[in-house]
Amino acid sequence: MKKKLPEKYGFLFVIFLFWLVLTLLSRAGMLTSHFSSLLVPMTYYAIAAVALNLCVGILGELSIGHAGFMCIGAFSSAIFSLLTRQILPGGVRFFLAFVVGILFAALFGFLIGIPVLRLKGDYLAIVTLAFGEIIKNILQAVYLGVDADGVHIALNMTDFRLSPDGITLIKGAQGVSGTPRDSSFTVAVIVLLLSLIIVQNLIDSRDGRAIMSIRDNRIAAEATGIHVTHYKMLAFTISAAIAGAAGVLFSHNVTTMTNISNYFGYNASIMLLVYVVLGGIGNIRGSVVAAMILYLLPEMMRGLNRYRMLIYAIVLILMMLFNWAPALVALRKKLWQRIRDRRPAVGKEA
Amino acid sequence: MSFLNYLINGLSLGSVYAIIALGYTMVYGIAKMLNFAHGDIIMIGSYIVYTCMSMAGLHPAVSVLCAVAGCLLLGVVTERVAYRPLRGASSSLAVLITAIGVSYLLQNIALLTFGAEPKAFTTLIGWKGISLFDGALMIRGTTIVTIGASLLILVGLELFINYTKNGQAMLAVAQDKGAATLMGIDVNKTIALTFAIGSSLAAVAGVLLCSAYPTITPYIGAMPGIKAFVAAVFGGIGSIPGAMIGGLVLGIVEILSRTYISSQLADAIVFGILIVVLLVKPTGLLGKRVMEKV
Amino acid sequence: MALLSIDHLSISFGGLSAVYNFEMELEKGELHGLIGPNGAGKTTVFNLLTGVYRPDEGIIRLDGTDITGHAPAQISGEGVARTFQNIRLFKALSVIDNVKVGLHARFPYGTLAGVLRLPSYRRMEKEIDDKAMEILEVFDLGDKRDVLSSNLPYGAQRKLEIARAMATDPKLLLLDEPAAGMNPGETGELMDTIRSIRDRFDLTILLIEHDMKLVSGICERLTVLNFGQILAHGETRQVLNDPEVIKAYLGD
């Protein structure tokens, strides 16, 4: 346990250095504007990947709607910022936007967890998928605004009677526009560090052990006194909340959110899953590294883009076969044993 | 009268969902895995028919046979290569994520082969249909064929499962793989057979779907696939009549909400049903509670 | 008063009676064996006692309190712990973390305390660590604390499962075939361990076992189950010499 500490905080320090170097380079004008524009997205995808890994790797439940939680965080915080743009100073507003986005994402995570997490079986995957689609459909269909008469909500333009001095919040398929551009690489990195600290501290605590015990053997966990539904809900809600924080960074980075199915649809959720699988299921730090590299790589090498998804699909399948197929696992164990037998024992866990 | 028309359209769409759901529910019941790629096999089936007819100029019936054969092969090969090695893995996540990978792989192969732009599908069913009440109620030929085909498949499957040796073997494997092995049943072969049947059904579903909505893109399979899973859960996963009923109900709900509520929210309503079912009766309409072995 | 008293316990699955009219009284400190041929319903009795199954009929009382139909986690808190026939460890957790999960309910600091590393976290984690080590030492697993539990040899895995159960501080410990797969040497060691934890922790133990050497060696009384019904019960030697019991085991 004590050995883990420097490793854990060391990684936080590496991220800090990474931030420092990139910030200095940027100040010195040594980064292209294209590369600079990738820094915030890269970081919020890393945050979302950490969130998803908490759900998949630590809780052991597959979610393929995590982009949906990002979406909730993005929209709720964007609406908050639009409403308070004239009233609150920038810093306070952005902070509160995080609170709003995180709370809404957590709330939705909690609500979705209620029907699903008490069930045994692979229902979470399909329900989160369904949830992602529902959210996307609703947000693309709805018109929302406020004026002196109160809140206006409609399903088409003709029914949407907002007075000219009102504030349009969501404009159907055109989405949300005019969100203040509050996100910066620095804020994004702070949120990433906080997410990492929260998730790693959670894992390395009583609650984390309870969550992982459910993942490893639900029946034994129950028999050992773990309230399974409670801890599943806890982990899933926290996971949704962190994905929501990533969404807040998203909406305050793009200022105009249209075409949300590209960003928050099924494909986006699968993208996050690819980050998690490649970084190592259950390996939180791996998710950060994988997300950053996999986000930057195709952006840097546009030529690869055509085949990117094909490659990801193949890599996903091969990774799962290699890491989980009983025959291969046994083979690897045997090889390890042989290597270990040759060397003096070091007493190190894998 | 228009309500009746919509209802019939719903039945038609629901019949397609039912055929897909049958494949889903069989695979889930027997291999205990959620095959995310099932919907994409529909898409591959449609492209095969399209290629055979538009490019090779084959007869429609031959094209459909090609699609069924192609999908059957695809189903069996994916099972052998991607899913079977993971049987007995310590986590059910593994096969689930692999299935997502397969789904993605199929979509992207189609994308790279045929491009993203929709291909026009010429309907295979030339029959105009029948007109009732002096033309007030018009039932298209596609609709009649679709509903008929699904009923035929349902009856055929029920007979196959209850009255053939292979069908009985499927029931045995679904109940208890270990015991089935002890009884001399080849579990691998039985699961492969299940995938073969499920995938051929997906090919049929693809043809019917594209006859009703005549465009093909690499993504046409994904949504119907997911909705069919909702149908299977609604009817009770593992139950064949349940999948049929679930599919029909879902199709009707989708068409009616598209017509009377909002076309954009129809999908949201269909998925809403899934969440309600899981809250109220997680085993679905006809599903049985399964006791867990400790 | 008896520590455990079971009255008219019955359950059937799909019309098939698995356990019928089961009755049992365990005195505090007793080491009791539950034996019977395969499929007699022994594990089902354990599953009923630990809340995995809800009985169709009957009452289970622990220390005078009715615990019938309670959820497994609740029953664990009420003082019943168990091991499993097919070992169920938390495979991806270290040996000591398996035991720490067992200590979960006894050191209840909140989620926030854990995430924010509040003083209560530090204090209780220290206590948890000490307590877990203390338990591991009892089972000679202290030097394996950081080993992944799935990497332990088979016999050690069985011991760790008992250690984890002991961490919940039970009044009643249910052991499901603790000696399965062990060689005679390991079984002998296990018998000593079972006896010593009973004395040391003031435990009542109910165990299912096929190894007659272990059963006759440590059990004071036996209950024999056959086709879901009690065939015989009483003093160990008496029961093992009962012609009905011998017939059930050896067949006609």
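Letters A, B and C name the chains as they come in the text, with residue numbers starting at 1 for each one.
What we mean here is this: contacts are C-beta pairs under 8 Å (C-beta built on N, C-alpha and C of every residue); 3 or more make two chains touch, one makes a residue touch a chain.
Quantities reported herein were computed from a predicted structural model and do not represent experimental measurements.
Student: Computing the C-alpha centre of each chain, which chain sits at the greatest distance from chain B?
Tutor: The most remote chain is C.
Student: Going by CA means, which chain is nearest the middle of everything shown?
Tutor: Nearest to the common C-alpha centre lies chain A.
Student: Taking the mean of the C-alpha atoms as each chain's centre, how many Å separate chain A from chain B?
Tutor: Going by mean C-alpha positions, chain A sits 31 Å from chain B.
Student: Could you tell me the distance, in whole angstrom, between the mean C-alpha positions of chain B and chain C?
Tutor: 46
Student: Compute the distance, rounded to whole Å, between the mean C-alpha positions of chain A and chain C.
Tutor: Distance between chain centres, rounded to whole Å: 41 Å.
Student: Provide the list of chain C residues touching at least two other chains, using ranges where the numbers run on.
Tutor: Within chain C, the residues that touch at least two other chains are 52, 84, 91.
Student: Pull out every residue in chain A that's touching 2 or more other chains.
Tutor: 219
Student: Can you list every residue of chain B that touches 2 or more other chains, as numbers and ranges?
Tutor: 90, 292, 294
Student: In their shared complex, at which residues does chain A touch chain B?
Tutor: Touch list, chain A to chain B: 56, 60, 62, 64, 112, 114-116, 119-120, 122-123, 125-127, 129-131, 133-134, 137-138, 140-141, 155, 219, 266, 270, 273, 277, 281, 306-307, 309-310, 312-314, 316-317, 320-321, 323-329.
Student: Across the complex, what residues on chain A touch chain C?
Tutor: It comes out as residues 1, 198, 201-202, 205-210, 212-213, 215-217, 219-228, 234, 282, 347, 349-350.
Student: Quick one: which bits of chain C touch chain A in the complex? Just the residue numbers, please.
Tutor: Contacts found on chain C: 50, 52, 71-73, 76-77, 81-82, 84, 88-94, 97, 100-102, 104-105, 107-109, 111, 114-117, 121, 124-125, 128-129, 146-148, 164-165, 167-168.
Student: Inside the complex, what are the residues of chain B that reach chain A?
Tutor: 34, 82, 85-98, 100-102, 104-105, 107-109, 111-112, 222, 226, 229-230, 233, 262, 264-265, 267-268, 271-272, 274-275, 278-279, 282, 292, 294
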